[in-house]
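My questions will all concern the structure given below.
Letters are used for the chains, namely A, B, C, D and E, taken in the order the chains are written, and counting of residues starts over at 1 for each.
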Amino acid sequence: MKTLGQITVLFCGGLLLFFTSDFPDFGDANSPASLHLSPYFIENTLKDTAVPNVVTAILADYRGYDTMFETTVILTAGLACFLLLRIPKREVKSRYYLHEPTGVTLRFEGDKYPQKSDVFKRIDSNWVPYDLIINFTCRLLIHFIQIFALYVVAHGHYSPGGGFQGGVVLGASVILFAISGNLRAAIKRFGEKTAALFSAAGVFIYAGTGALCMMIGEHFLNYNFLSPLLGTDRIMARSHGIFIVEIGVAVTVMAVMIWIYYNLSSAGKQDEGL
Amino acid sequence: MTFFTTIFTFLPDLPAIIIITPLLASLLAAASGLFNRKTPFLIAAAALFISFISSIILIMQVVETGIVIEYRMAGWAAPMGIVYIIDHLSALILLVITSAAFLNFISNRKNIETEFRNKEGAFNSLYLLFTSGLIGMTATGDAFNLYVLMEIASLSGYALIGLGSNRSPLATLNYLFLGTIGATFYLLGVGYLYIATGSLNIADIASIIPTMMNSSIILFAFIICMAGLLIKMAIFPLHGWLPNAYSDCSNVSAGLIAPLTTKVTIYIMIRICLTLFSPEYTFNYLKISEFMVWLAIITIFFGSLSALAQKDYKRMLCYIIIAEVGYMVGGFFLGNRIGISGAILHIVNDAAMTLALFMAAGIFLWKTGEDSRDSLKGMFGKMPFTMAGFTLAALSVVGVPPTCGFFSKWYLISGGIAAGQYMFVAALIFSSLVNAVLFFRILEIAHFEPFKEHNHDHVYHHSHNTLLHHHQDHHDEHYETTKHNGVVKEAPLEMLIPFIAVSIMLVILGLYSGTIVANIIDFVIPAAII
Amino acid sequence: MLMETVFSIKPVFAVLISLLAIPGIISSRTQNIRETWTLVAAGIKLLIILSMLPLILDGKVVSFTLFQVFPDIGISFRVDAFGMLFALVASSLWIVTSIYSIGYMRSLDEHSQTRYFSFFAAAISATIGVAFSANLLTLYIFYEILSLATFPLVTHHQDKEARSSGRKYLFYILGGSIGFALPAMMITYHFTGTLDFAPHGVMAGHINSGLALMISMMFLFGFAKVGIMPMHSWLPAAMVAPTPVSALLHAVAVVKVGAFSVVRVFTGIIGTSVLADFNISTIVCVIASFTIIIASLIALSQDELKRRLAFSTIGQLSYIVLGVALLSKSGMTGGMLHIAMHAFGKITLFFCAGAIFCATGVKYISQMKGIGRRMPITMTAFLIGSLSVVGFPPCGGFISKWYLVLGTIESGNLIFLFVLLGSSFLNAAYFFPVFYNAFFCSEDQMLFEDKVEEAPLWCVVPLVITASISILLFFYPQPFLKLASLAVSTIMGG
Amino acid sequence: MIIPIDLIILVLIIISAIAAITVSDLLSSAIILGAYSFFLCLLWTVMGAVDVAFTEATVGAGVSTVFCVAAIFHTTRRTKD
Amino acid sequence: MEQILSFIAAKANYWAYVILLMVGLYAMIVKNNLVKKIVGMVIFQTAVILFYVSIGYKTGGTIPIIIYGDGHNSIIEPAAKAVDYINPLPHVLMLTAIVVGVATLGVALALAIKVYQEYGTLEEDEINKKIRA
């Protein structure tokens, strides 16, 4: 296997290296790739959609259909992880509890554990005491991270970023919360059902906008036809349409990242985890 | 009246509806699955039905008018935006996909409920996503969009087959690695095409390629795209992932994925060779036909011989699928009109045959709880209608007239003779004979051996062990015990009727294959190919 | 000679009528209803075929295309004189055999009778389909359907013996048709561009001698139902089937379908001129003669009655091939007539074997001592049947053999005359011990129960009918003779 | 001699890629993969692909690494190769 | 020296992509550990991203966000010239590819966890041994 792999790799690599010699030079402004389609995008994006960030405009408008499926890919991954890993709640053998006033850890068998107690706090089986600094810093940071994420989503028209990056950052903030605190606390704030609903809802916002355009007007995802609803002219309607779908992307991406993290970090039990 | 008006308003949007409906329904199914166990099935079935009807209307439209339907996504014209192209070929494949997905789905309601307890929402949603991925792959006119949809189909496919027997996660992981290599190679090929032509639209690239026939970038783009697709379609040296992945998974998923994945990949190959690169480039300039046909011949021999060695029914089917891939790839690369007609016709026929065989596997498993060949003992007396359908499917795979397998094989063989590829002809005949032996062994067991008592206590291994405790409580109510020897006890009607419909389709497809070829496939093949 | 073509859906109905009866047979609640379906379908089928007879005798041809499965080939039917001859034989014998099956199956109380009658109907449909095919593809399709439909019949008993025989049966029949006949058909299509049967063949001018020989051999051995050695050994094996099945299928329908297909292909596809020009006919004659002699010799050594009959069938089938391959007018007429004459003779013999088994449970000739006195009607019918097969007047078999002999003389190959005459002696030799045992040996009391009588009426009536038809055909061979000579004049011209 | 910064980053990327598949501790491997992603992100900023760089920073270096760590947490760190 | 450097600079990205691609492919084929294979898969996919982004680069071009495009400037917007901006299309495609990559990674890791739960190891040879046993 090893030799076979090495031979394959060397063969493929040699072939690929050989064919690079015919490529246009790196940074060549006159390569076919830079001359055929991209000039149209660069020169007309502002006219067509009133969005200065060409990448966002192409992403959500010219190739908006691609991006809808890109979002769907994320949703698919979330569903796949859920389907593969998720284990319904089952009998637990034992759980660990921290007696907060004394710092003693206790192990309870079966369901003889204190359900609601002020002094006992449930901890993971391989728990290490929290580092106060990390804990505190994370709590402090999370708000700023989330506000920044919203900025990224909203400002995708004018600067790098957009729904996808913003969504990931939003999701990362919750993941950070889960890592710095514990998984159960995060799940309490942002439950699994919420994650599932949000991840479907995001794609639904995207595809629903598209379907709405189709029903009002002519083509799927043609935001022009949203102008009567939004009360703007047709070009601004595209800009707003892009914003709407970016929100959809952000919602899905955030929810799915969290959902996947929940499932991966707890191996599907969603009981205790990283 | 209003109903029809509504329908007609949506008519121009059908190419979008056919894919958007399963997509939206998958979202609804996923969401409603959180609250209710029954609704996801209804939503999914309705969506698949709408897709199915849309594909029928589309193919009728295309055949009647003869005009290629172009649909602009987001309203942007071809090279800038993404367009959907519904021509004769894609309309035909769309019909195959939607009908197979629909029939397999409705026949497996009970299987889904038992095998994916409490996860029906996610399962049905992924089923729909897989279907819409395939639909999109078929209809899209954009090379990169094809990649995205291919990934949707692959990812949902991994999830669908990842749940099954104990071995399926490993098999699926291997499938995932190879699938990713294949898809990434394809993406790389698209990148090479982009660097050479600056475009992503298939028609646009096709119009540019003739001006740069000798470019080595184009050549390498072709090689690497084909390499990616060949991995995904499991041709001989790259087939390793398929048997494990398809045989260890649950029957519902197998019934969806096995008939469609390889066929759609072959469709993509045909599309790339004929539409993206011109037939001129593929057949005359490159001169790879000979090599590909030999690859196909080896695949056929290998698939048939390996199938002979299998004891497990589903594994045997998997190797037959590999052999059939050889049929289609070989037929296509014969490079003459009749061979390509045969390859395309065989895509349709093979999808139907494989669907029927896997549906039969689902019914047998449902009745007996076992996968092995011996579990079929005495089935002729027990389930005469199922066995009749199964026999039809088997005959079709063998290639006995008047089932459809014969007719596509006829085209392939005459194409082989016309191209002078006598080894290919020999491989086809050899594989037919091997298939005859394979299915005869099964039918013989079902016909001669007395019926065996099945006990379900240990067998139903499809429940992954983590859900096992849930299953066992419900075993008895869901798996009918088959103890009344000698009494006809058929599968439930909801499983039987779609299955019989598919089996009868096998004969109808066969008898109307002339019509299919004359009205659809003839328009697909460029006039340059004789 | 230009033939007038009549377009009519009748041939389709003639094929489909027994298939249409299958749902009726399956859904029947009682035996009587089920058997009524069978008989009604048989009767209607015969009537439809008879209604086409006058047209054919006028020299017209009935034609109908059902599906266009390939752009230039369809599933189409065409009734001409030769097809009519065969269809007439098969459909009239089906009625008789149905009656006989009812008696046989009821008296032995066999299992799965519904399955039996369903597949029986499917088999006869396929047989008529073969007879009425307009092109090689249609013929091949019905040929395969027949192979598959007869499999459950052959293996009716579902025991170990049936299993191994069934395997052998399918191996030879399907292996031959997929391995030889199908490729031969494709090669034909590739070179000629058509598969339609034409009176003088379609191959002339398209093909060289080596390929023509190869294709002819592939067809001859590919249509393994004709039982040319070495593709014969399924036939004795298939005798495990219930006797009516052996009777209709293995003495009449299946093997005659093989012979019919071979004759059809030799005359309609390859063409007599090609056969003659490339000397293929001589080779075929030699192979057929070899089969005739060897099969007759083997038949001598068989003790089980049905096996002896089976080997006799193998030999007799090769008469048909031989007659056609002689390429003389009389030879061809004789070959075609032999399809009919041998069918009536041989089915009588099988009916008798079945009746004996029904009444006494005896299978071996050596055990049949003195049975003639117990079952006089059956054994008399047996005598008539065997006389017909041997070719002794006043039986139908004499006429076909007469034409065959004339054919050998016409073609000038006297060696084949000796083959014919010699094999007739052998035929007589292997039938003689049966009556000798039956009529002249004293009863072996140990072997029989006290009261052995004739078989049930349902069994006896059919064999009396077929025996009398065998005699009748000597005096009145008109419909068959007319059809055969019509067919021959179309093929040979003039 | 001025060596363009992207060449240096390229070398770093290749080194970190090779390191990621050679270290015999899966956790290190995951962390090196995160570093690899950061280098890529850096390269793309240099090459003007700001959106891609942003995405790579959030997804490749951020979430992917977390996923890997989470998975390793539930499996094992040790490996032979 | 300058010439060599400019030659290297002209192709270095393409070479680097090939090397990364092969590193990934090597890991996927040869490595024994499943997580290592997954790491290889990530590298394999990012190599293609490097390739695409390299296609789009233009010497002298700036990031593909139109200057003065925010509509807040009173200056009349000069029409954007294609040569001034880096080709944005590959960036868009690669956003999608990154997303696909992370989705695949998630599913692959989920499967790896399931494999570990089943066999208690991530080494392929040990798993195969357990399957055979």
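Operating definition for what follows: a contact is a pair of C-beta atoms (placed from the backbone, for glycine too) under 8 Å apart; a residue touches a chain by one contact, two chains touch by 3 or more.
Everything numeric here is computed off the predicted structure, so don't read it as measured data.
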Hop count on the shortest chain-contact route linking chain C and chain D comes to 3
Output for shared partners of chain B and chain C reads none
Per mean C-alpha coordinates, the chain lying farthest from chain C is D
Rounded to the nearest Å, the gap between Cα centres of chain A and chain D is 19
Separation of the C-alpha centres, chain C versus chain E, in whole Å, is 72
Chain D to chain E, mean C-alpha position gap in Å, rounds to 10
Rounded to the nearest Å, the gap separating the Cα centres of chain B and chain D is 38
Multi-chain contacts in chain E, i.e. residues touching at least two other chains, fall at 9, 12-13, 19, 21, 25-26, 54-57, 61, 63-65, 89-91, 95-96, 99-100, 102-104, 106-107, 109-114, 117
Expected list for chain A, residues touching two or more other chains, is 16, 23, 31, 33-34, 37-38, 41, 53, 55, 59, 63, 66, 70, 73, 76-77, 80, 84, 160, 164, 260, 264, 267-268
Multi-partner residues in chain B (2 or more other chains touched) are 144, 148, 151, 155, 158-159, 162, 169, 194-195, 200, 466
Pairwise touch list, complete, is A-B, A-D, A-E, B-C, B-E, D-E
Listed in rising order, the residues of chain E that touch chain D in the complex are 1, 5, 8-9, 12-13, 16, 19-20, 23-24, 26-27, 31-33, 35-36, 38-40, 42-43, 46, 49-50, 53-54, 56-57, 61-65, 86, 90-91, 94-95, 98-99, 101-102, 105-106, 109-110, 112-113, 116, 121-123
The chain A residues in contact with chain B across the complex are 15-16, 19, 22-24, 31-38, 40-41, 61-66, 69-70, 72-73, 75-77, 79-80, 82-84, 86-88, 90, 193, 196-197, 199-201, 203-204, 207-208, 210-211, 214, 218-224, 268
Chain E partner, complex, touching residues on chain A are 1-2, 4-6, 8-10, 12-13, 16-17, 20-21, 23, 25-29, 31, 33-34, 37-39, 41-43, 45-46, 50-55, 58-59, 63, 66-67, 70, 73-74, 76-78, 80-81, 84-85, 158-160, 164, 260, 263-264, 267-268
In their shared complex, chain C is touched by residues of chain B numbered 381, 395, 398-402, 406-407, 410, 413-414, 417-418, 425, 429, 432-433, 436, 440, 444, 447-448, 510-515, 517-518
In the complex, the residues of chain B that touch chain E are 144, 148, 151, 155, 158-159, 162, 166-167, 169-170, 172-173, 176-177, 180-181, 184, 187-188, 191, 194-195, 200, 464-466
